[in-house]
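Let me give you the structure first, and then I'll get to my questions.
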Amino acid sequence: MRPWSIEFRGRFEETVFESAALKGNPLGDPYRRPLWVYLPPGYDESGKRYPTVYQIQGLTGQLDMWRNRAPFRKNFPELTDELFSSGGAPPCIVVWVDCWTSLGGSQFLDSPGTGRYHTYLCEEIVPWVDAHYRTLARREHRGIAGKSSGGYGAMITPMLRPDQWGGFATHAGDALFEVCYLPDFRKSARALRDHYAGSFERFWQDFRNRPAFSKDSDGHLLNDWCMAACYSTDADGTVRLPYDPATGELIPAVWDRWLAWDPVRMARDRAPALRTMRAIYIDAGKRDDFFLDLGAEAFRRVLAEIGITDIFFDLFDATHAGIEYRYPLSLRYLAERLGSESETSPGG
Amino acid sequence: MRPWSIEFRGRFEETVFESAALKGNPLGDPYRRPLWVYLPPGYDESGKRYPTVYQIQGLTGQLDMWRNRAPFRKNFPELTDELFSSGGAPPCIVVWVDCWTSLGGSQFLDSPGTGRYHTYLCEEIVPWVDAHYRTLARREHRGIAGKSSGGYGAMITPMLRPDQWGGFATHAGDALFEVCYLPDFRKSARALRDHYAGSFERFWQDFRNRPAFSKDSDGHLLNDWCMAACYSTDADGTVRLPYDPATGELIPAVWDRWLAWDPVRMARDRAPALRTMRAIYIDAGKRDDFFLDLGAEAFRRVLAEIGITDIFFDLFDATHAGIEYRYPLSLRYLAERLGSESETSPGG
Amino acid sequence: MRPWSIEFRGRFEETVFESAALKGNPLGDPYRRPLWVYLPPGYDESGKRYPTVYQIQGLTGQLDMWRNRAPFRKNFPELTDELFSSGGAPPCIVVWVDCWTSLGGSQFLDSPGTGRYHTYLCEEIVPWVDAHYRTLARREHRGIAGKSSGGYGAMITPMLRPDQWGGFATHAGDALFEVCYLPDFRKSARALRDHYAGSFERFWQDFRNRPAFSKDSDGHLLNDWCMAACYSTDADGTVRLPYDPATGELIPAVWDRWLAWDPVRMARDRAPALRTMRAIYIDAGKRDDFFLDLGAEAFRRVLAEIGITDIFFDLFDATHAGIEYRYPLSLRYLAERLGSESETSPGG
Amino acid sequence: MRPWSIEFRGRFEETVFESAALKGNPLGDPYRRPLWVYLPPGYDESGKRYPTVYQIQGLTGQLDMWRNRAPFRKNFPELTDELFSSGGAPPCIVVWVDCWTSLGGSQFLDSPGTGRYHTYLCEEIVPWVDAHYRTLARREHRGIAGKSSGGYGAMITPMLRPDQWGGFATHAGDALFEVCYLPDFRKSARALRDHYAGSFERFWQDFRNRPAFSKDSDGHLLNDWCMAACYSTDADGTVRLPYDPATGELIPAVWDRWLAWDPVRMARDRAPALRTMRAIYIDAGKRDDFFLDLGAEAFRRVLAEIGITDIFFDLFDATHAGIEYRYPLSLRYLAERLGSESETSPGG
């Protein structure tokens, strides 16, 4: 009943997934995770196999947030069902994966700072989905999409595992780290000085004991630490910051570890993997708060340099917030590109 | 399973309420509304009657938004259950009422511009709840609470119906209209000039055909129109704006109609009703975006003028956003004040 | 030598004017005031009489500020000389009058709160200029211009003294007081609460003993008090605020005294005076910080209502700051309109 | 006559200095420059020699701006005279040097992108001042001070020429370039994309043909280009940007050229020069718009690392703007430190 809900014509199956990879993760975060699988209208009757699109979330995202209601809007599960119900896109299975951590997120990487989320996603979730649903279980028919850090994960996961993924979509994905991350280090340094005697430990102690994000600096501080936990943590779990917390001065050796995970830099080294992609969708708001429109453009330019130009690319008029209405565009794009050739092939 | 959910120890009953009062409402909005009733731990076994606290929402609120997840936080249903599960407050029945309209809200009033939401709340929902649950069905044990426009409704509903309500809580409730509404009229006037050829009709047409709140001026324009629909609509449905949309110049005759609904002004005329209240809770963030901290203080001052000083009052360090962690404070306050004397009285 | 200066072709005469009207002013401000008279190229040789345009300043303006240098720009004295040197406008005498007070300004009014600045301007400065320079000493050839509070003075002085003034120019002049002043009252109320225990006296004590405008709230507080000193001060010098400083609640009786000085309201009552004007120039930035573009439009609409449409009107893309490049436009407009018919008439 | 002026007790001598070093500068900027010398009260009578403090300006500064009047404040020339008139500091000669360029400034360096401003300052101005005034013409008695880019010049000039300078004062001086410059590159990239088809040439064409700084992006674009003209211009005059103007991606080879001019990095390599300084004054506002408080702290830390701790250091509550009230503090500090030992020595 609108606006409180819609009548779903497809079906959500909700599972709690027990991850071996996440057991004993360094943060002590749950290894049992919610997992949603959306089956499009007709799935039960068709007997067909379907392409699969995985959806991952941005920093601080946890699976239930997908159902958050914004005023006068539908949420993404509703938009998804509308897309497939209306025939706006070829039918797909959509999988919603939770990679939340108590630092905010995982960047969908394996890191001694957070846990083995790349392994969990690629080695556990994907096979389980393929085993339990009628997917077209080949890279050509498997895509991944997300926004912000989710867009990051959508870019780098297929670069790391081109054998597994055939397409991706990034909405305002983290890229060009000197543009999207570095400028806020100084805000963190100042906040540490003014409120936390220079100590991240004090920040976390404060942050954990009051309503989260009730201080302006929370976002910057959490982001810096979480990214360091993902990008630059030593094997023994020591989180290395890429800047001196007293001044914001860059520490080149650590910063280089971050840059090694920058999709713009990674793409330059992974041309062969990228050239195999059947679908690449890139967008961002031209007023994105973190200037991820510039990251999108930089990523596009690298793709062009390595000869990849058959992509979707759009910079539109928006900030970083409230752009879930873009997700059906990428979902349709992936559905069309990843399903087209072999959708009816029974063997997938 | 945290952080995705909690184990509820109380129970939510979800109903679709068919309102006679809302049938044929001028906006064509649904007259079937979701309604939630929370029954505290022990309800099923106790056989007791309980005080009741009604929860209403701010502008653009619709019932399912109560379950929105903010990062690292619990939502209000979860906080409610925690409060009562932990024994942090005497048990209460909590009722979550939906007064959404397609203009954003209703201010919990009867208006030819929106519909008969005051009647719906007081004449339909309350009796239904009393008929279906073991409430202490007297004013002394019935309270109402809300934030923003919900705080407004929580202030004015008991003033209008002191026979029905014995207490209320306002979190940053709309009050002192020259402070909370008037200053933004000029922003609307400018937006109308720059984007809509001076016409609210064009605004609505635009607003309805793109993602809501994707333009900065949406909030101001929607608010002004919706409040006019609530406060200054003629019997024939003509919405009267309190300002010239070309310039922002105040139209005193219409503005006076608004002021007649200002809780600060209403309170001056309704001292007897207010003096019967057993619980009055007022708070607001000192950096409230709409300066509702000043409205809170003005309301407090009127109460003091008419001799009411046994209240809860707190201005705290926050903006208008993200203050759901305050709601358990008011819920406890109301639970304590509205239940104390006669909680065990079987007749309610 | 540019960019440090230009070679002036006209001439500035600088005087210290001793004002009888300002002697014993209630603020103890100087009654000796700087006065500048600009004589256009050819003045010394021509023997002609010239129209005169008076220039007045915005709040906190003092005469020497006209020479402030903004990066890569000329100041208004330089722009003035360029205008007349290049033949861009018919020659004029330009008079720069100082109406500064230690509260910020005078609004060019006589008030027991500040002093007799209207008298000083109209009864002292104008006759002195006419006596000492070859002016066309009639209303038809006398205009006045300013920005912000100077624009206010330029609107209201000719309305009060149409016998003396034949034209005016307002750049972002104070008008439509509920739009330009009222919205900031709440900011003052909050600042008083948070920093000054609710007391304007404490504000002034603080303000006088540290670098001026080093706190964000200084501007609002100074403006409110100064305007009250100009618009709503009792005969005995008691400054009446139009709002309760504890809450921002409007005090209608005092607010009405303010509105009586609003150019938009004044214009409605002074149609005959306005109809005699030979030149009316109105502009404002469409992003004016104080929304004086809406005041400009409201003033324009009143003029249209009373039949005055042969005016200059332009809303341009700018904020309230840094619009001195517009002043030559109004100066040319006034020079053309006020000089045209009788410039060569030796009797003026 | 206050507030329009003060009665100076010392004396300003204003000269036009013809610079050989600036003749034929690549920007075609004037080689004749204004120069002010302030002689303290008693200079004419005393026959003594005095220490000298040079004052240099921030980006876009030109000499006449020192006299700009801010509301209710004195300007720095007035503050200087007050300081010495009141005996608040030992008498000094103060020299105000103009290093303006049509790109905004010179960073007080010799660069093929702007001209030989370091040479002009050190090889021309200083000797001329020593030849024309009774200075104590040795490094021990010569200091330099400035704000923002002027603070930068005050830091690096003595590092480059410790034989000439014995002390310096930096108010919010440019330092820690990844903190003060880099974060705004992305704003420039976006502005270039949105308004200038990616071309700095188009920016300059636009900028030169309208009121300067009437667009929000002007400051960023001008700063980036001007700094590149100062820090990373090839011998043939080619200005090298440290980032890709299409994306903001850093170009390490050029960025390293910038870092070579970062006072924080320079200080690490120039410990011996810095250890000879008799006076080092560092301050910045804790809310500095360019985070130069972090640069100040980083510079202080390097000084401490190389054993220099006898300095003045203060972070105070302010932004980058309107801090001229701090200048007398540094002037007094330099006057005391640079004059103390040998002030009366006739040979200087």
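Labels for the chains are A, B, C and D, by order of writing; each one numbers its residues from 1.
Criterion: a residue touches a chain if its C-beta (ideal position, glycine included) is under 8 Å from a C-beta of that chain, and two chains touch if they have at least 3 such contacts.
What you see is a predicted model; the values in this text were computed from it and never measured.
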{"item": "Topological distance between chain A and chain C, in contact steps", "value": "2"}
{"item": "Centre-to-centre distance between chain C and chain B (centres being mean Cα positions), rounded to whole Å", "value": "46"}
{"item": "Chain centre separation in whole Å, for chain D relative to chain C (CA means)", "value": "36"}
{"item": "Centre distance in Å when chain B and chain D are each reduced to the mean of their C-alpha atoms", "value": "57"}
{"item": "Touching pairs - complete list by chain label", "value": "A-B, A-D, B-C, C-D"}
{"item": "Contacting residues of chain C [partner chain D, same complex]", "value": "1-5, 16, 30, 32, 34, 60-65, 67-73, 98, 100, 104, 211-214, 318, 322, 325"}
{"item": "Touching residues on chain D, where the partner in the complex is chain A", "value": "176, 178-179, 182-186, 189-190, 193-194, 244, 246-250, 264, 286, 291, 293-295, 297-298, 301"}
